[in-house]
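Labels run A, B, C and D following the written order; every chain starts at residue 1.
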Amino acid sequence: MLDRLWSLGEFRVQRAPRAGLVMLTVRDSFDTPFHLGEVLVSEAEVVFDGHSGCGTICGDEPERALLLAAVEAAEHSGRAAVLGDIGEFICRLEEKSSKERVRSSKLAAATAVRFESMKKETVDLGSLGG
Amino acid sequence: MGYVAVKGGAAAIENAEKFSLARRAGGASALLKPEQIREQLHLAVDRVMGEGSLYAPDLAALAFKQAAGDTFEAAFILRSYRTTLPRLGYSEPIATSGMRVIRRISAAFKEIPGGQILGPTPDYTLRLLDFELQDESASRTRQRIRQLLQEVQLLDPLPERFPKVVEMLRREGLLVRHRHGSGDGDGLVDITRQALSFPAARSAQLQTLARGETGGLLALAYSNMRGYGSVHPVIGELRVGFLPVSYKNPGSGSVECIGEIQVTEAEVISRIAGAEGPAVFSLGYGLCFGHNETKAIAMAVLDRAMACEEPVAPSEDQEFVLTHVDGIESMGFCNHYKLPHYVTFQSELDRLRNIQIGQRPPEDTPS
Amino acid sequence: MKPSMPSKAIPPPADWRDSGPPARGHYSYAFLDEGAKREIRRKMLKAVAIPGCQVPFGSREMPIARGWGTGGLQLTLALIGPDDVLKVIDQGSDDSVNAVNIKKFVSRVTGVAVTTDTRAASLIQTRHRVPEEPLQPHQLLIFQVPIPEPLRLVEPSERETRRMHAEADYSRMWLYLYEDIVKFNEITVGARYPVLVNRRHLMDPSPIPRWDVAKLNQGQALCLFCAGREKRIYAVPPHTEVEPLSFDDFAFRAEGFGGRRCGRCGSTATYLDEVIDDAGGGRSYSCSDTAYCEKIRRRGGARGADGPGEGPA
Amino acid sequence: MDNSDRRNQKNYRSLLQAMSRPGRVFRLDALGAVSSFAAAMAIGECLLDPEVSLCVIGNGGVSTLQAVLDGATQVRTESLKTADFIFVCGVRSQGGVRLAKRGRLEFPEEGATLVYCMDSLPAGASDRFRVRLTGPGITGKGGIAPEMRGVPVEEFQELMAVNADYPLGVDAFFVRPNGEVMALPRSTRIQVR
């Protein structure tokens, strides 16, 4: 995939892919932000037709970081068409991961506990007492 | 290959390393591949990531293999690898309400809007050794999984979002609004850049607990649950799922989702906090990498315990808890006693012998 | 600027390939990134400016276990440059297992020269000992420290000990020593003997024997202390007063060896290790500072009580 | 090790020697000392980054020095009262020192670091012999006179006042374009005759 892009001769690696850390900031249930910990990411920078693109992706994925950077650079330059079927490739990737998500969601759905509950009516939580 | 007589420790160190290599990989069994560990020992990998405070499943699996299964050692290896990587930036603050849930239960109500979702849990199995696993047949296991997938095919997937139980309680005015008893001003502290000082800000407390060692957190929380402390916890909600990581692209500046991380979140409700003010429930919060429910619950109980105005038990003393739950620090210091101490011991001998002699030897040695 | 159109004939090499995956096992000079070095350097300057005061710092995790010298190591890595010569000792010995381990790591990430000769070293990282030979002004002595807080002996809470330092309220430490004397007619503190620096800050000299404590007073070289696990840096500049706590009627006493000699070099003026020879309990003694002992032995051994100066000054 | 890291390492060792031997002059590799701020830049690149804050005061060249330091180190800019580092153009702080933060009793190390960027020509006859320095890092009972020429007695008196209740106080470097540097930590006791 990358070979095909680079064979066009207009893509250039601005900064080689490198492993880095992103510190995750999360909000707790009091809405207080805190740092949960760091996630490993791969980051790369590519120049296409004078426009630079930066790609960051979780995990040890130097080539996907390059791909994302190339896509962004191409889009910035307004000549996204040069990406050709890259778009489909990325869509297929996204499709695959979303299918996995649906699959695990259905697996979880199958574990929903079905109580033999009365007719549903709103439960007045306040009535439960302090 | 002859042994070069290397003075002192060098040869011994190398041979010790080779001996542990032989211990790990000298057997007849096939060498473990990290992806086998990542997939089939995923709970160990989650624990190592949490305690190593680095979300990188492949590397955590590699560290677990390198450490021959010692989670302390594996978390330590991950922690020191972190030091070699540049910090590229901070993610945008992520709200956990957007979690893609695969497990979500509450002990506070029989039924909760969105339902009690058991998800992947052995909680209700009988813990009897499953001897079939001794020679588990790949085909039969794959077949059972395929069959399960077919069965669930017709089901609707879970909704995108689930309402939070604590949110419902808060709307009813039953839950404490803000957090009291936390550190001096609640600035966002990063304990990888600033040493802890006490009282510690809430952000420092949660970050320290999140990277804490599971056993240490459990022991402290358990002491509180058993009576050394006043938290009578009810799990308002326990979630296991995936959080999107949103990160501002350094080039374009637009915020993108660069991946997902699995987390476990526990929200613990417990009896009325302080005496003053309207009677309300108070809340303890726990969040950690991967699927580690024991740790998340222990975190939430300790988070609530440390909010006590007057700490009575160790688990309620913020300084006591936060300085003793880091596995890399505690394991390191515990094992440092293996290092030679003969100079200090010599000094102790000198003191003891003097005391036994009973009287002070004449002024002969230079003061 | 628009890149020039490539010549049609040969497409440029797929340069993304040779950019290669992130280099594994390649570390920046001295392992720490420049940002970490800067923070440690800033905090060291403050520690020197306030002798004996414990300065908190954002301690990094090292490939060496906490409690095994990560503090001393971080100072060495923040200080070291290509023209330094490094000596690393543990219990006074260059060949001690952990000293070898640390030396191997530092030379791997810096390529710096190492030595066992105290005189030849510009940086000396040490655990539990001060070299017997007096140091020179250009040298830096870096101590590995397990517990930086002298008052931890009498007060577990950091918040409380920080207040005691703020108010220079060291009464509980004096009380502790006094109770020792009442109970044992002796101060039982062996190593980590508390000292007062510049007449203001109580300091833990790290677990060096009392034999070495006097060497810190009005020394020639800058002494730097770092506890990695506890995340504290502190310092004793040269020509600075370092007074072990003692009572007028109960002077501070170094360890005594009852006139025994080192089995290898014959010195009676160096700190000795007691080695149990056989099951019967026979004892022999040898210098803890092995490199210095070797130096005396090669010079034909110590005659009588001579040594680097009659015992610790 | 690239050469800017190498220079920072070497310069840091001189700063550390200077701080542990107050009143003595040491030398920085001040990259050819062309501009009058070369030595100040050398200290800036060695110690400043986004984790600390800077405030530049003094007469003349303040904005240029501020811009140059910002550009090279991405240091944060803050007011005189809260800045971790205070660079002084010239050698008179006109009382600015008194506003600098001196740290808290529990955390005295939070006190500011001052860097006096002196110009090359010593201002008038040096009255450094009226000043006597004693304390940690200084040999001899009677102490020494500061080796750096051209520091007015009034500035010593300012530092004396600010560092009166040790361990609260500030720590100062005096630096010349040719790379000469002298330190005056708060632990130094200053007497003026």
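The rule we apply is simple: a residue touches a chain if its C-beta (ideal position, glycine included) is under 8 Å from a C-beta of that chain, and two chains touch if they have at least 3 such contacts.
Since the structure is predicted, the reported quantities are computational estimates derived from the model, not experimental observations.
Colleague: By that same contact rule, can you tell me which chains touch subunit A and subunit C alike?
Modeller: Touching subunit A as well as subunit C, we find B.
Colleague: Among the chains here, which has the CA centroid at the largest distance from subunit B's centroid?
Modeller: Centre of mass proxy via C-alpha means gives D as farthest from subunit B.
Colleague: Which chain pair racks up the highest number of C-beta contacts?
Modeller: By contact count, the leading interface is A-B.
Colleague: I'd like the Å distance between the centres of subunit C and subunit D, where a centre is the mean of that chain's Cα atoms.
Modeller: Spacing between the chain centres: roughly 28 Å.
Colleague: Report, in whole Å, the distance between the mean C-alpha point of subunit A and the mean C-alpha point of subunit B.
Modeller: Centre-to-centre distance between subunit A and subunit B: 25 Å.
Colleague: In whole angstrom, how far does the Cα centroid of subunit A sit from the Cα centroid of subunit D?
Modeller: Centre-to-centre distance between subunit A and subunit D: 49 Å.
Colleague: Averaging only over C-alpha atoms, locate the centres of subunit B and subunit C and give their separation in whole Å.
Modeller: Going by mean C-alpha positions, subunit B sits 32 Å from subunit C.
Colleague: List, in ascending order, every residue of subunit D touching at least 2 other chains.
Modeller: Answer for subunit D, listing residues that touch two or more other chains: 51, 107.
Colleague: Indicate the residues of subunit B shared as contacts by at least two other chains.
Modeller: 82, 86, 192-193, 197, in rising order.
Colleague: For subunit A, write out the residues touching at least two other chains, lowest number first.
Modeller: Residues 18-19, 60 of subunit A each touch two or more of the other chains.
Colleague: Any idea which subunit C residues touch subunit B in the complex?
Modeller: Contact set of subunit C toward subunit B: 27, 31-33, 36, 39, 56-68, 70, 90-101, 104, 127-129, 146, 157-159, 162, 184-192, 207-211, 229, 231-232, 251-256, 271-274, 288, 310-312.
Colleague: Going by the contact rule at the top, pick out the subunit B residues touching subunit C in the complex.
Modeller: 7-10, 12-13, 76, 79-80, 82-84, 86, 192-199, 319, 323, 328-329, 331-336, 339-344, 346-351, 354-355, 358-361, 364-367
Colleague: Which positions of subunit D touch subunit C when the two form their complex?
Modeller: Those in contact with subunit C are residues 1, 5-6, 8-10, 12-13, 15-17, 19-21, 46-49, 51-52, 104-109, 111, 113, 135-139, 166-167, 171, 185-187.
Colleague: Of all residues in subunit A, which touch subunit B in the complex?
Modeller: Within the complex, subunit A touches subunit B at residues 18-30, 32-41, 43, 45, 52-54, 56-60, 72, 76, 101-113, 115, 117, 123, 125-126, 130.
Colleague: Residue numbers of subunit C touching subunit D in their complex, please.
Modeller: These residues of subunit C touch subunit D: 29-30, 34-35, 37-39, 41-51, 53, 55-56, 79-82, 162-163, 165-167, 198, 200-201, 222, 235, 237-241.
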